[in-house]
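Which chain is which? They are A, B and C, in the order written, and residues in each are numbered from 1.
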Amino acid sequence: MKMKSASFRINSSRQFEIIDITSRINDEIVDSGIGDGIINIFSRHSTSAIVVNENENGLLNDLEFCLDNLISDKYGYEHDRIDNNARAHLKSFLLSSSETVPVRNSRLDLGTWQSVFFIELDGPRSGRTVSLSIIGQTE
Amino acid sequence: MKMKSASFRINSSRQFEIIDITSRINDEIVDSGIGDGIINIFSRHSTSAIVVNENENGLLNDLEFCLDNLISDKYGYEHDRIDNNARAHLKSFLLSSSETVPVRNSRLDLGTWQSVFFIELDGPRSGRTVSLSIIGQTE
Amino acid sequence: MKMKSASFRINSSRQFEIIDITSRINDEIVDSGIGDGIINIFSRHSTSAIVVNENENGLLNDLEFCLDNLISDKYGYEHDRIDNNARAHLKSFLLSSSETVPVRNSRLDLGTWQSVFFIELDGPRSGRTVSLSIIGQTE
């Protein structure tokens, strides 16, 4: 059994942006030498999220629309008096800061229609950090 | 320290269905020989979810009602032009593809009122796969 | 590689209450002797949640308001006939029972603006239990 940590940086270019990080994560798993186990994918930012779902452009637009509806812009949020991004934090609460995913044969063991996404909720930003922790058996 | 993987199949019989998988998971933990650690329970489908909560029929009906309200059917979602299940994906984003739960004494270490559920959001389907990764100490 | 379990109790004093448990978790990580790995933070109660976000009072008030809006009090929930706390369960479904977070240098490896919270959704209660599972390499 072995544990390997890694991280990478993401630059976002829009206020809301969904970035597929599946292949970057797979590269880090190969580098770790771990064949079977789990990987924890964690965003170090409270106005972002890590989720697993299908990479289809229409669906990703639907998610943006849906989150904007759920966290309405018609209220005066208290956090906006300090930092004008309350809605981004509230969307992050509804999604999640991390996902933990199985690793098999030195790859994310996802279903056919699954990708791992970093969701930027308060961009554009440079230097967003995703932290990876891979635990398992070497090949 | 040891890592053991397993998986099982689920058939759903309704469009929305909540299936208690607690005892099936406990069987796999016993088979793994791991006494203390964690288990990652991961659904390989982006129109389903894994959650932990109370197994009470009224509450599970309330959850169905609540998700239908949150992800309204009054909008024309873009993903529905490709595959007529955008709402199922959007509900899955709000719940989650996985849960990670403590294992103690070769069982899920849940509270008195907690069960682990597979939630079917786009059924009926056959052959839904739940992937388990158990990491910990042998007894 | 090593696995260490721990738990602690929380008493809540209000119906909805957000309690920062970051430093209590860090104390347990130091006690475990594990330097690098992951920690699973799990609430054993289905009317509570574990989340990671920013500890700013206005934002935490916004979260309470937002959850009350999303899970409306204008419906007659079935679970309320049995136990008058359906909305607390439904909010718990939208948040999550656990988080898994990286551990580095014997501490939670959080971003600058992140804390770990226990969210009480059906208080006041005494003896709420948070279960910790720390897996990784000793220093």
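In this text, a residue touches a chain if its C-beta (ideal position, glycine included) is under 8 Å from a C-beta of that chain, and two chains touch if they have at least 3 such contacts.
The shown structure was predicted, so the numbers you read here are calculated from the model rather than taken from an experiment.
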item	value
Rotation, 0 to 180 degrees and nearest 5, that superposes chain B on copy chain C via CA atoms	120
Interface numbering overlap (same over half, different under half) for chain A and chain B	different
Geometric centre distance via CA averages, chain B-chain A, whole Å	20
Per-residue multi-chain contacts in chain B, two or more chains	1, 70, 94, 96, 100, 135
Residues of chain A that touch chain B when the two form their complex	1, 36-38, 51-54, 56-59, 61-63, 65-66, 69-70, 94-96, 99-104, 109-111, 113-114, 135-137
Complex contacts: residues of chain A adjacent to chain C	1-3, 5, 40, 42-46, 70-72, 75, 77-79, 81-83, 86, 89-90, 92-94, 96-98, 100, 129, 131, 133, 135
